[in-house]
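Below is one structure, written out as structure tokens; comments come after it.
As written, the chains take the letters A, B, C and D, and residue 1 is the first residue of each chain.
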Amino acid sequence: MTAPSLGVEIGSLKLRNPLLAASGTCGYGVEIAHVVDLATLGGIVTKGLYMAARDGCEAPRIAETPAGLLNAIGLQGVGIRAFVDRVLPRLREHDTAVIVNVCGETVEEYAEVARIASDAPGVHALEINISCPNVKTGGIAFGTDPLMTRDVVGAVRKASALPVIPKLSPNVTDITVFARACEEAGADAISCVNTFLGLAIDVETRKPRLAFGTGGLSGPAIRPLAVRMTWQAARAVKIPIIGIGGIASASDALEFFIAGASAVQVGTMNFSRPNIYAEIESGLVDYLTRHHIGSIRDLVGTIRYPR
Amino acid sequence: MTAPSLGVEIGSLKLRNPLLAASGTCGYGVEIAHVVDLATLGGIVTKGLYMAARDGCEAPRIAETPAGLLNAIGLQGVGIRAFVDRVLPRLREHDTAVIVNVCGETVEEYAEVARIASDAPGVHALEINISCPNVKTGGIAFGTDPLMTRDVVGAVRKASALPVIPKLSPNVTDITVFARACEEAGADAISCVNTFLGLAIDVETRKPRLAFGTGGLSGPAIRPLAVRMTWQAARAVKIPIIGIGGIASASDALEFFIAGASAVQVGTMNFSRPNIYAEIESGLVDYLTRHHIGSIRDLVGTIRYPR
Amino acid sequence: MTSSPPSPADRVCPLVKRESLGGAYALLTFEHAGVAGASAGQFAMIQPEAQGDLLLRRPFSIMDTDPSTSRFTIFLKAVGPGSKAVFDLREGDNARVLGPLGRGFTAPAPGERAFLVGGGYGVAPFALFSRGLREAGSAFHLFYGGRSASELPLVGELERRGIPLTLSTDDGTRGERGRVTVPLMDALSLVPGTPRLYACGPEPMMRAVAEISSEKRLACEVSLDPWMGCGLGTCLGCVVKIQDEGEPRPKNRPACTEGPVFDARRVVWEKHS
Amino acid sequence: MTSSPPSPADRVCPLVKRESLGGAYALLTFEHAGVAGASAGQFAMIQPEAQGDLLLRRPFSIMDTDPSTSRFTIFLKAVGPGSKAVFDLREGDNARVLGPLGRGFTAPAPGERAFLVGGGYGVAPFALFSRGLREAGSAFHLFYGGRSASELPLVGELERRGIPLTLSTDDGTRGERGRVTVPLMDALSLVPGTPRLYACGPEPMMRAVAEISSEKRLACEVSLDPWMGCGLGTCLGCVVKIQDEGEPRPKNRPACTEGPVFDARRVVWEKHS
């Protein structure tokens, strides 16, 4: 038997393998290139970018919780122009797909960031961050209102010919409402999901453990919730889903594929296991070989539900 | 200094200490009485009770996930009459408050179960379960629609003179909407929260790990989310909040009190640490003593937010 | 073993002896006065005190007890994270142990012969059960089967106890070749009277023994093996389908408190697989 | 130590030597060719290979290196779950080690004197730094302070290396009584010229040294100690407030890549507490 194929397509975006590094967990890619061979990834999603540079939240910004990480970074970043002018040229030297995580405080800003990113050579797709819980304007406000979701996605759709991938917030009653809003507004795929709004308190000081107060929960703790949402979203729309949340092994990634994801992103685990991709990739190959499945594409959405 | 006081009041319900065993994790209390001294608890919340006996979901019903437990029991139980007639007399022999977890498939059934429970001697309060994710009718459907929440709570309020404590679902965009609906409908307190809807897949069989398919996620994994919701709910309403979610130590419980809970429930940890109450209680006493706080009541909602 | 078992106690207690049996198998002896009073077929819920990332304890049958030293022994196979965590305990390490739990085997009536059928870690309770049978003067025999010789790790221990034993392996690398039910059937055709059957092991084995018992109208007890969360009857995670006489339908019953040992006739097998 | 450091490598590597220094303190030596080439002030992100329930690694300064055997040593204080997990490693256990990371101390100019001020686990990098200073022929002196004698656990190790040392304790149980800045001020008034200051330890200590340096117009480097999630510049969890000349406002800069060692003048202290 020939080796199983790991190549996938997300709209017009072709990925050598379905493993992406999640936004905010791999910088702009260049930071990790000396430790991780970027060619072992399908692609990277940049840290969220607004028009302007941002300094983010005060420290402390991260706190560990059981099997989870709570963060409130606040989208610190260099701004889209500095990214395109100063970072992208270095990133282009690496053989990996580049997806820009697009942020904005207004619909117009999202569209403008998207336009600039689309015009830059070496950007392969746009992920629209309508789900960051750690900023006071924009972010999650767009991602928890279906009409605003539709408007932002529609505006970015008009501004760009690249694949447009809104990233959903899990902090909603019914994720399928938002998945459908994205599909109707012309999205090519959906990233599912961003972090869950959480709060951890230092009981000695009675202050939140993060300076911002609340934060976004990520890591293995949230995996069963993210798998459920991926499964719900995949059944609700025809466009591909990118599964995200707590992936720490090939088996974890397989849960998302079986639930209906066409690709996955690894987030928090990049911090402690930057070289996890090779391990996940070989685990996927093993699994597909063992189960006589020729391509990862044939596994997508094959959950036996109801049993 | 005299020993700090741990007594709290939830409406007219007086608890010797603010530590309750959560519904579905201590049976009807009598099952654990030979292992746990029930007098070390403030009270117990029974497994959910409908009018009729129920056999629940097929097995497997539980699966471990990172720092979490996924369950789909499906509210197996003896029914409210059998509870009152056959179980309650044995439970009354123990010196602990008894809170009945009231379930229904219709508003009328909730009211009827509530009425029967209220008429039984030895029931101290009612918790209204509008948030079970593991039943096909009722349960979470009531707890994710503010109008249905209001109707159920209102009907139980009319049917009973006992303290009425709706238990909220965390699977909503904005928990304050539901907290306010409960308060307006006459609730005496709010239990916050039930389990998060999750899905875990056995990748070898591609079936869900639970026979029911999805399940409810509990345990330390969800604690930061539950603390956040407790904090939000406590700021939204004047009635007391009972904090629930992932409590495994005195420090965990303290996070909920500081966030605004007047009492807490321990759920999943009852399974592996049935005697956790004595440990938590002495941890609370230590903390209050160390911080020169005379009563746990004085700690409630003292979070320094913003910092 | 007919006296009513002590009520369970939840204790942190030390691992006093650990003996590797090769591969994923080991014998672990803990000091716990309560569990040391267990009867055969009962179990304990165990997890390391340094808990790591697992929430729930795991159930293990009591293989042996020594009330005089307050010790009990389990025969453990590491199969996943929970059993591995217990397997990895070193002597002197502490564990949380809750037990003894559940309903064990019913002793045969005086003069009644007992045939014990065990496989995998399911052979464990029969070590303790054998002791009771011997003390009670009951005739008994243990059929111990596995896929191959390496899957009969408890043989040495059982032989040392002088337990009347017939071994079998699917591949014939030790004892008779074939399923454990083959020597069982042979023996059934040889002995007079109506021996009682007791089975504990992989589900297909227990089903096969249950079928034999029903064909031959022999009393039979099986020790079921569902996933257990608490051992106390509170999580309702461990339910098995039980059909009782007079009931219109089978019901979900917690195996931890109503079992793990059940009369084979009550068990509805279809639903367990 | 002025040669550019090797690029970091992420490896699973064994703990080859563990020496307890009493209480929560220990010296741990790992085999990791990359980190064995670290320069003073750099650090590594470390967690046990058997990860338990913690997700993130923790940062530890390189206390010593031996490039010839590919080994490096850290001086560890167990303060919470992450450092405790590393503290609990036994010889032969594996750890995940990523390093060397960050920007270390700048060597003094030829002829310039170096005053090193360390406290707590912050004294660790000065062991490696001293070696370089000695090799470069620089005059230097280490001021090592703690609350009491039991909080100077590295004294023996430092004395063995013949590092010129002044000890102080808040309670006077060892060395001079008082803060470490007291003997530092004494020394500053004695020596000619403008020594360079280097501080690593609890924040109040570093602030005090930074203030002295600014009053006396001495060059000063401090090694900051924020919570770190990755060590790679990607989580942005470790930011510190840095005020650069010409910038209108201080900015959040990742300490793991732009530090942990910073020119004290750039550090905006208010925001760290």
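FYI, contacts are C-beta pairs under 8 Å (C-beta built on N, C-alpha and C of every residue); 3 or more make two chains touch, one makes a residue touch a chain.
Worth saying up front: this structure is predicted, and the values here are computed from it rather than measured.
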Under the touch criterion given at the top, what is the topological distance in steps from chain A to chain C?
-> 2
What is the shortest path, in steps, from chain B to chain D when you may only step between chains that touch?
-> 2
How far is the middle of chain A from the middle of chain B, if each middle is the mean of its Cα atoms, in Å?
-> 34
Distance-wise, how many Å sit between the C-alpha centres of chain A and chain D, to the nearest whole number?
-> 36
Rounded Å distance between chain C and chain D, as computed from the means of their C-alpha atoms | 56
Where in chain A do residues touch two or more other chains at once?
-> 66-68, 219-220
Numbers and ranges of chain C residues touching at least 2 other chains = 53
Connecting every touching chain pair, does the picture come out as line, ring, star, complete or other?
-> ring
Let me know each pair of chains that touch one another.
-> A-B, A-D, B-C, C-D
Touching residues on chain D, where the partner in the complex is chain C = 52-53
Can you name the residues of chain D that touch chain A in the complex?
-> 7-10, 45, 47, 51, 53-57, 82, 96, 98, 226-227, 229-230, 232-240, 249, 251-252, 257, 271-272
For chain B, which residues count as touching chain C in their complex?
-> 24-27, 31-32, 34-35, 47, 55-56, 58-64, 66-69, 71, 73, 76, 219-220, 268-275
Complex contact set, residues of chain A against chain B | 65-68, 70, 144, 171-174, 196-201, 203, 205-208, 211, 213-215, 217, 219-225, 227-228, 231, 246, 251, 254-255, 258-259, 287, 302-307
